[in-house]
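Each of the two complexes below includes chain A, the first together with chain B, the second together with chain C.
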Partner chain A sequence: MATLTAPVKETRKFEEQEALITGSEAIAVACKLANVDVITAYPIRPYDTVMQYMSQLVADGELDCEFIVAEGEHSQFEIVKHASACGARTFCGSSGVGWMYAMEALTVTPALRIPLVALVGNRTLDDPGAFGVEHNDALSVRDLGWMLVWVDNAQEALDTALIAYRVAEDRRMFVPLAISCDGAFLTHSQSLVKIPAAEQVKKFLPRYDRGDLLLHPDNVISVAPQANEDWVMEMRRQNYAVTERACDVIREVYADFERIFGRKYGNPFFEEYRTEDAEIVLLGMGTLSTPVKVTIDKLRQQGKKAGFVRLRWFRPFAGKEIAKSLERFKAVGVIERDLSLGSPDLSGVVATELRSAMYSHAKTRPPVLDFLCGLGGREVTVEDVEKITDLTFQAAKGKAEPLTQWIGLRG
Partner chain B sequence: MGQLFAVEVIGRGIFQDTLAKNITRGIVLAAHNEGKLGISFGRYGDSPERNGIPAKKFAIVASDDQTLQLGMAHYQPSQVDLSIVLDDTLTKGMEAWAWDGVHAINEAVKRGGTMIVVSLQDEEALLKFIHRRKEPYKLGIVKGLASFSGLWVYKDDHTDVRILGAITKALPELFGWKSVEKYIKEKVKGGELKAESARKAYERFSSVEIPAGKGNAEPLPKFDLLKWEDMRLGTSVTGQPQGGPIEDPVTHTLGGHKPIRNDKFMKYTTRSQRPVINFQTCTKCTLCWLNCPDGSFDVMPDGTYDADLNGCCGCGICEAICPVENCITMVSESKFDSNDSEWLRFKKSKDEYLTWLDATIKNAEKERTHGFRYRGQYQKDAPAALELAQKS
Partner chain C sequence: MSTTYVETKPTQELEPFKGVKKVPYAEYFTSGHRTCEGCESAQFMRLIAKAAGPRTIITGATGCMYVANTSYYATPWGIPWMHTQLGAAGSSALGVAAALKSMMRKGEMKDEPINVIAFCGDGGGADMGLAAISAAMTQADYNLLIVMYDNESYANTGIQVSSTSPFGVNTTFSTPGKKKRIMHNRWKKNVAGLMIAGHPSCKYVATVSTSYALQAMNSVRRALTIGGPTFIHCLNPCPKGWDFDPATALEVGNLAVNTGIWPLYEVEKGELKLYGKTKEIAEGRFKRLPVADYLLRQGRFAHFTDEDLAYFQSQVDDMWNNWLIPGVIPLRKQEKNAAPTT
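Let's turn to the complex of A and B:
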């Protein structure tokens, strides 16, 4: 059933607090507000920042929960999977190869309908060992039934974590959700964040009710039996049904968030920046939005009509809506911090996905260029973005080759 | 379309996996000697590496490539011209691994097709186990114990070639005697001697017509394959209720504990031998109950332990772990046509039961196909087995 909160006729103003905190700390604060029951942890940069903040909250008596340090990421995710099956609200997270080490547990979680909320502090996959941001870690579960959302500032991290619990624990969903925060740029940078009052959060976020899926002696069920070909296809169809309704549930929850907290996110799936009269747009995920937005402002002063679309939700991928929005531009430049080696046109994951959506849903199909940049945590500079917009403007005039280019690369 | 033949070979997981494979390969290669084409494969979902699990292998043979492609288009043939059953205890039915329900052993045999069973029993005795069906078919027997030929150090008892010989008689269109003889002599180790065994089986084999409706009348559990909207979410199934005490048939008092088990997924068709228990000498030590890997022992009202024969896989651990001599004895499943409780029988008539027990376990050893009777038997028997293997 839908868990829309009853209409609130509220006259009293809730006390919001303001704090200078990092993206990771914002997630930890959200977990405290969501009153999570079980947290599992295993250190790896940059995710470990959230683990430190949370253990501090527990040590200070601000958060009453089980805080379990596992012996590795696989166990870390298995423990919360089981705790969630028993009705506990859980939090977990990792980064880079730590996330990959948990892969078997990550794979089984969606089919068991576990509404786990996780933080991926995006990090380059080894080798070579590198702390910096790349998005391939979180994207590795993109086909497995996880929901994936990217945020670009600490306020959005906090808000999205609350939204995440509400979406994942909606009975129509019950699938795990990972919030991606770019390593360093978001996990380690402090900014001013408004922290909502606990009473407000209570209104927004109902109790996690697992119903007849609860693993409990009073509700005797057996979970995850061997099933083989007579049953698996039907089980897969059930998870597919979740993805069919995911966009509607997310829209509902954002509307409710806005009503209760008063902060507006507009379209939940992507943010549009100065696109109204734009000829070309760039599209990307995460914190590269800052240099991109600054560059767009600069170009606008020069009379160049460029805009930016920041993708928040990668799973579900609101393909129709995105395609309908992008079909009005003369060219699209995707700017992304990931690779999809050997993919069509040797592009990244986002561009490949976007082209697929455009092919199905766009009335006119502008060229979609792809720019691979900022890998290994390298900074995406204003100069990089200027070059990207130049190339995208050229594509609008007909020069759309090559389709994929490396930006900010030496040599 | 040319001629198309499908043969299935049903054996017990791991013990008869190599034997079944040798037979399906032999069928394809013998038929190839007369210009036919074919493939040989095992049903993937059976997981035949598991001890005793009923598992199917197939040979598909066709007169030309295009017809073979037609035969291969279905991964598992739903209808076969010939069905070979390598262990007569399998005639009680087969339940593939992972929740498929018990199926009749003869369900895939075409109307008028033939089922060949390796057995020391006759057709009438086997029809107590084989479920009746609507279409007539033929039943023939190749005399023998369930063979482990091809498994590790077990002796090659020529079962593979004897089956090929019998097939030549049962379905001459598949391949003639000359083709199978050529295959055995050229491709099989010890070919000359084995060709002689095959020839004898070819000459001796005969089958009888089984009319519609003849056979075991016991209904098989029905399985509803639910639609995806109707299935529980989260890869979950409802558990069984807890169960409770049971009634003593003589005193009518309640006692002991019997859990309620899944009546759809029973596992008993994995069993080729079952525990037979002397409730008189049982010391109630609990070891069988604690060590049974399938949890199939229940506590009886008098404190003894009885195996629930719907859930017992026949592994024999209870026999090996039992400290009382001849208290638990594994006996070939071919001696029994019911899964009813032994304890109830014992309670109703102790003398009758104990007389039956003595007679039943007397020759049990000779008919054993696998397993160890006591702890340490492997260490004791291994040197002799190794010597035998090195000789052959």
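Let's turn to the complex of A and C:
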């Protein structure tokens, strides 16, 4: 059972605090600081500990919020969608097939310009029913207008949740945002987190103002009438315009975050680790960053020049920026915690999108290898990463096949 | 110190309209839709909006009252309206109600009673969205009204069977053919009965008909005034789907009631009240018309044989003769002189 740590429960008005908390608890305290109005819950591992924390916060009067336990994920996401249309700040979440059960609701949410913030506790899709981490759940909405970001530690989870509300609720955006936390590895593991003061958050996060899109008797509008080929394309173009603006808005918000909270993330879209003089880089999302960084350090001691790029924002995908960064390396090894069965070269989603960006924007064409690893919650071990870097170094020397490989598989 | 377990916000005090001539002129659902001639579902939308008045937010699930009713670049709605998904009437109502409650309590919005209504067709209500409606009916903290307009099919997609389609009916998914005359052998689901029997927090359930327009409006007003989660099921004759002369929609609606097929009642806080011809039937003051009078008026039953009509009649007779509460609860009536079972 999830019990709140004291600093999460009793956030202070003017003082920053520090606490040893999980990724889920970090998201919960962010929602509390953001003064969310409506939350819907439905149980599925491993995201649902965040909702256990929310329940406790509401019950203790620490957060004034409607807390509704829905009868399924479809309803869960429909409820907050309409609550948001009426001007409420909303929070929701799911994992794995639960997220898929909500798919219809997830599909219409960005089209309706709803700034919902959701936690995806990344989980393998059934079947078989497995609880461990894979990224396909969150990735499944990548074409629909959702913003997608992966975090790799509890501090980043908290910070990104606050950033998420600011970005999503920006009138230039008004689209939903899913924060992905690796199931178990981040949702359930603890690290030291600085919890900002409530007053600091107030400075950073203005009220959600839906303006002339608000559903209210004082504003008689009809939202989402049925449309046909005479108007749908123009409506889609509006959603598209959001994606054209997204990177700039994100940059603005991160700059403001740094100004107010003093924590610097640098380039919001991806983190670079020891890439300055690297020959090859690895690339991945989420908590695999820990074994990767450990391995990079180990290899550096051996004189091997490897680096790591951790992708944060998957949507918008800062393709040009990533390509400009990666073109200088001799080879790229993507560590892929998802599948895209039947794709070009049978690679996963991340490698496929990366190659597309490289093709369009990179001056040179380093080989981009894809390593399917850590699926179903299996650990990405230092040993795995050593093997991956080895193979990537070989690719740099000319052995760039096969393009997709399985790492850490039995037999 | 006593605990308040359930806390609802005050509702609007909507007095019943005391007669057709006392119904206000203002329309909150007007031209701007493209529904069929004689569409009783659209008529019901008009009645709902008129009954609820301007301090209302309404969500509408996909269906005829979406696709035929609210097509961009027009809208018939004079109250704020939002589309919701086919199975999401229940969840959309909860979302709106929760937002209003939260923001009003936190001072983020002016505090006033705003009606929350969500509508769905029989497809969205009796089938896909049943779980969401049921869940909404358990949420005692919220004032919301779910209305299900029942044209006994998935009308919008071209008339396919739903769980409320009558036995044996001809629809595009239940076509009478050479080998099988009766493709749809399911009996109509009693959705209002489900709401009454299974949801202690639901304080108002009613069955209505657009042929009884005044009562339909007053049921809406009663539900909105009582507060908490409430449910209304309306039978809406559909000239296109049922195949009858659109000018006779009112008559067809009356026949559904007068044959005893569609009983009219309200259940308010556990108290049952029959009304209209249903009340007269129950009190023995009106003899039910034969079901054939109603069924054979509609092309969708043109394939019925005498045997089919007799079977249909027997089921309706069984309901009126043997159910504990006809149209509401299908438990068998106890024999008066039966020995006690314990």
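Assume the second predicted complex is superposed on the first by the 397 of 411 C-alpha atoms of A that agree within 3 Å, B and C clash if a C-alpha of one lies under 4 Å from a C-alpha of the other, contacts with A are read in each partner's own complex, and residues count from 1 in each chain.
Following the convention adopted for this analysis, a contact is a pair of C-beta atoms (placed from the backbone, for glycine too) under 8 Å apart; a residue touches a chain by one contact, two chains touch by 3 or more.
For clarity, every value in this text was computed on a predicted model and none was experimentally measured.
Evaluate whether chain B and chain C can sit on chain A together after superposition, giving fit or clash.
Overlaying the two structures gives a clash between chain B and chain C.
A:113 contacts which: chain B (first), chain C (second), both, neither?
In the superposition, A:113 contacts chain B only.
In the overlay, answer first, second, both or neither for which of chain B and chain C A:83 touches.
A:83: touches chain C, not chain B.
Of chain B and chain C, which one touches more residues of chain A?
So, of the two partners, C touches more residues of chain A.
Can A:58 be said to touch chain B (first), chain C (second), both, or neither?
Neither partner.
Touching A:68 in the superposition: chain B (first), chain C (second), both, neither?
second
Go through the superposed model and pick first if A:220 touches only chain B, second if only chain C, both, or neither.
Both partners, chain B and chain C.
Is A:229 contacted by the first partner chain B, the second partner chain C, both or neither?
first
Stretches 132-140, 168-176, 312-320 or 348-356 of chain B: which one clashes with chain C?
312-320
Could you list which residues of chain A make contact with chain B in one structure and with chain C in the other?
85, 220-228, 231
Please give the residue numbers of chain A that touch chain C in the complex, ascending.
35, 37-38, 64-66, 68, 70-72, 74-76, 78-88, 104-105, 108, 207, 215-217, 219-228, 231
Using the touch definition up top, name the residues of chain B that touch chain A in the complex.
45, 97-100, 225-228, 231-242
Along chain A, where are the residues that touch chain B in the complex?
Residue list for chain A touching chain B: 85, 111-114, 174, 212-213, 220-231, 233-235, 237-238, 241.
Which residues of chain C touch chain A in the complex?
These residues of chain C touch chain A: 54-57, 59, 66-67, 70-75, 77-85, 87-88, 90-92, 94-96, 98-103, 105-106, 108-109, 114, 131-132, 134-135, 139.
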